[in-house]
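In the two complexes that follow, subunit A is the common piece, with subunit B as its partner first and subunit C second.
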Partner chain A sequence: MSFKRIAITFSLVTFCLYGVLILSLLYFYKGSLFFEIFFSERTLFSIRLSIATATVATVFSMFFAVPSAYALSRYSFFGKKLVDTILELPMIVSPVALGAMVLIFFNTPYGMTIQSNGLQFVFTVYGILLAQFITTAGIATRLVKAAMDEIPQRYEEVAKTLGASPSKTFFNVTLPLSKNGIIAASILTWAKALGEFGATITIAGSMAMKTETIPVAIFMRLASADIEGTVVLVLILIGIGLSILYVVRLFTSKTPYV
Partner chain B sequence: MILSPFSHSYVFNVEFRIIDIFELRNMPKIVLRHISKNILKDVNLEIMDKELLVLVGPNGAGKSTLLNIMAGLTDYRGEIFFDDKKMDDIPPHKRGVGYLFQDLALFPHLNVYSNIAYGLNVQGYPEKVIKKRVEALLDALHIGGLRERHTCNLSGGEKQRVAIARALAPFQKILLLDEPMSGLDPQTSKYLRTELCALLKRLEITSVFVVHDLLGAEEMADRIAIIHKGQIEQLSAPNDIFFSPRTDIVSEFIGMPNILNCDYCNILSIGLVEVVSGDMSIILPYEGSSIKKLAIPPHDIYIRYKTTWTCAEPL
Partner chain C sequence: MFAGAASKPATEEVVKAFEKKTGVKVNVTFGGSGFVLSQMTLAKKGDIYFPGSSDYMEIAKKRGDIIQETEKYVAYLVPAINVQKGNPKGIKSLADLSRPGVRVAIANPEGVCVGLYAVEIIERNLNSAQKTAFLKNLVNFTESCEKTATAVSLKTVDAVIGWRVFQYWDPERIETIPLKRHEIIRVGYIPIAVSKFTSNRVLAQKFIDFVLSENGKKIFRHYNYFMSPEEAQSWIGQKKPIGGEYEVPKNWIKR
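And now, the complex of A and B:
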């Protein structure tokens, strides 16, 4: 067998693995039940809650990610390596651990002050937002930084020699040029926030009609051995996920640099 | 090897006697004092107002670094003055220095018109001024037809023209050019270079043009600076570079690799001097100063394969 065939075989095997998993959902799929569960108030609430929280969390993540990615990509400053490493924390530490860290923080005197005088995070929707934010902010920064690293710095140098201040250079040159990368990063961040489970359930709990996002709802249905219900929710999640990936593909098609 | 006494033999270590016309006519526009950065070691350079200085040197000589330093794009040690104003703490966008990069870097998200207008836009010029200036430049560079075109589907020459127009648009009085024509075929490059030089003269812009060989440099340059390993070897008018190279490196750079060390000279009575180098004795016109080294261009050396030589015999 040629090397080419071996490589292709590996990709097909991996594909089949996921394919079988998706197909096996259909074994427990009941058409009538699908719409019943889909349109049930609890499911619709989960979908709305998930989409709303993921969107808000993405906005917050990107608000912090874009400037910090620019700083990491273009400037050198004291402690840059450390910042860079800490940003990878959500990738290497399990979301449950991150959630636990947040809970522990809210049990320190500072955390308790915030809870009692400011926003109540634990077991509320704000908790979901916080969970999604801390699990995605680092990754969002990474993704945006990768997009900005790809833009030759020469464009910014040209802008400067034409009289553009650093902020104008950022808004007129860097931002438009990394637009596609930023959009792709936002979509992936949104998808990651949508699927966030570990930190969400640790911080916000799993109260139906209050803090039950789609992944939490899947877990709750499975825990009560409601396999048909689980299948429906998983299909919804897959549907959203695949359409997102497709949109990302559209935005990450390469644009040539002159 | 036989040398005719009337061939162009070039003499080193002759005092630089021709007073530079620019020193008389103009004040220095750019002054670099004790500039050091990486390979550049204590570079001092004065560039006159409205002058076109060509900076020539092999790859890695520090040419681009020197331009980046003038534009303020990199940090350095030393001092830079533009019109007697100290520039070292001025950020690049306030230095008023145009820069034409080797890789052009036209903004891919803007069309030709917006690329050229960019500098004027960010500096807050009124729309009317911008339109007039951009149209004038489009005309001057013969790219009026490309106004609405996207930069990614222009030819190499067209991209060059757009980049030149963009660099000139914001009324900069200093323009740095880093081997801007290197990606073009020789013919296009030659025409464009001539056009560009005429434009720079017309707009009275002080410019520093970096190239890596002397091909065509003498046509456009007011003065040429030869830079080698971070040192300026010679800075003089093109003719003086070619006819009085001051160091071995300059001599080699202009294509005269045959350098003889002179042992001693005998001044002859008839305005000639006899220079002795090893077994060879060469007669040269005497210019009043002692000769230490001699460079002989390869095309002035005749080779004969017969062992005897008489003047009667034709070459």
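And now, the complex of A and C:
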């Protein structure tokens, strides 16, 4: 077997692994239930809420990730290694634990002041945004940094010798060159935010028509021992998530990282 | 055994005592009562189903996931208001939960029985202005019995309508404010039954018998559970129906 075939076989096995999992949902699938659940006011609200919060959280994450990644990729500063390491926190600590950490923070005097005088995060839509932001910001930074590390610094040095300021160099050289990496990081961040569950339910709760995102609704169905309903919502999440990602990929098909 | 996490400390102690007495190792999967029921049905495994409250036993019965005639009531639960230790908001009655600025949670009435009881208590005891104010204060439906207690422990809300026993789960952070006797509509209970998927019905029954024996009851009493309807009713000071069905009004749940 040629090397090409071996590689393709591996990719097909991976595809089949997920494909079988998706197909097995049909074992508990009830067609009539699908439309009833999909078009219910509650599910439509959850879909809108999930897409909106994942998008806003991605914008916030990327807003912090791009400059942070640049700093970590290009500059040396005190505590850099520590900052670099702590970016992995959302991957080491489970989302539920991250959510619990946020709730515990809101129990401290500083946290309580924010809650009573500033924004109310616990059990609100802001809580969903916060949950998705903290679980994605570190990873987004890590992904953008990986893309920026790939760009030879020589391009920036040339721009500087031609008289460009550091900010001009960043906006006119580094940013366009890392565009593909940033798009790829945004897509992964959005996908992770869309499927975020543990921190969301811990911070924002699970109130229908208020803070119930699709992953939370899936858990609530399973926790109500409603397996058929769970299957329908999982199919909805897969359908929405994969089709949006597919469309984005079509529009950015030239980008090698996506 | 698939068990609801709500009675975890007492269940763990009963399991230990049973293992010591019989030498039989009991594997327990704890979780939300509905969640472990889903696990049990999907895995087609498990000898005993021991949910934290009655609602999921009813679902398990309807679906034929348990052997009906083996169902027994283990402990009895009385609804109450639970507040943060020291009662910083000065909540003394059900009507106080409608006061402006009080953050309240109840368990999700769609599936968690303590939430169902809470809705019934509100519907039957508050007038329509108080109900509107209560709904304004209601910030979350918690997804399980134990999360309702945790909401008070973590101070994410000022009060919940939960079980009286919550206070003993976390005595340093939770305080129970009893409801007036006429406000309590019914008493809840914790059931246990042999699963349809059991591979050893005799042994499963032996465990249930042990839980209901004086030894088992002593352990649950140590965790402040009422072990007979009389104990619960004498605490309330009035006879109340045990369990029973209640249909949540449509405005509480959107499908």
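Definition applied: the second predicted complex is superposed on the first by the 223 of 258 C-alpha atoms of A that agree within 3 Å, B and C clash if a C-alpha of one lies under 4 Å from a C-alpha of the other, contacts with A are read in each partner's own complex, and residues count from 1 in each chain.
Heads up, the rule we're going with is that a residue touches a chain if its C-beta (ideal position, glycine included) is under 8 Å from a C-beta of that chain, and two chains touch if they have at least 3 such contacts.
Quick caveat, the model's predicted, so the values are computed rather than measured.
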Q | subunit B versus subunit C as contact partner of A:83, first or second or both or neither | A | neither
Q: Mind working out whether A:220 is in touch with subunit B, subunit C, both or neither, as first, second, both or neither?
A: second
Q: Mind working out whether A:25 is in touch with subunit B, subunit C, both or neither, as first, second, both or neither?
A: neither
Q.
Just checking: does A:33 make contact with subunit B only, subunit C only, both, or neither of them? Give me first, second, both or neither.
A. neither
Q) Counting only touches as set out at the top, which of subunit B and subunit C does A:201 meet: first, second, both, neither? A) second
(Q) Applying the document's definition of touch, where does A:71 land relative to subunit B and subunit C: first, second, both, or neither? (A) neither
(Q) Taking the superposition on A as described, I'd like to know which of subunit B and subunit C A:152 touches: first, second, both or neither. (A) first
Q: Sort out for me which residues of subunit B touch subunit A in the complex.
A: 71, 73, 91-99, 101, 103-109, 118-119, 122-123, 151-152, 154, 159, 166-167, 169-170
**Q.** Touching residues on subunit A, where the partner in the complex is subunit B
**A.** 152, 154-155, 157-166, 168-169, 172-173, 176-177, 179, 255-258
**Q.** subunit C - residues contacting subunit A, complex
**A.** 32, 34-35, 37-38, 41-42, 56, 59-60, 63, 105, 108, 110-111, 139-144, 154-157, 253-255
Q. Which of the residues in subunit A end up touching subunit C in this complex?
A. 40-42, 103-104, 106-107, 122-124, 201, 205-209, 211, 219-220, 222-225, 227, 230
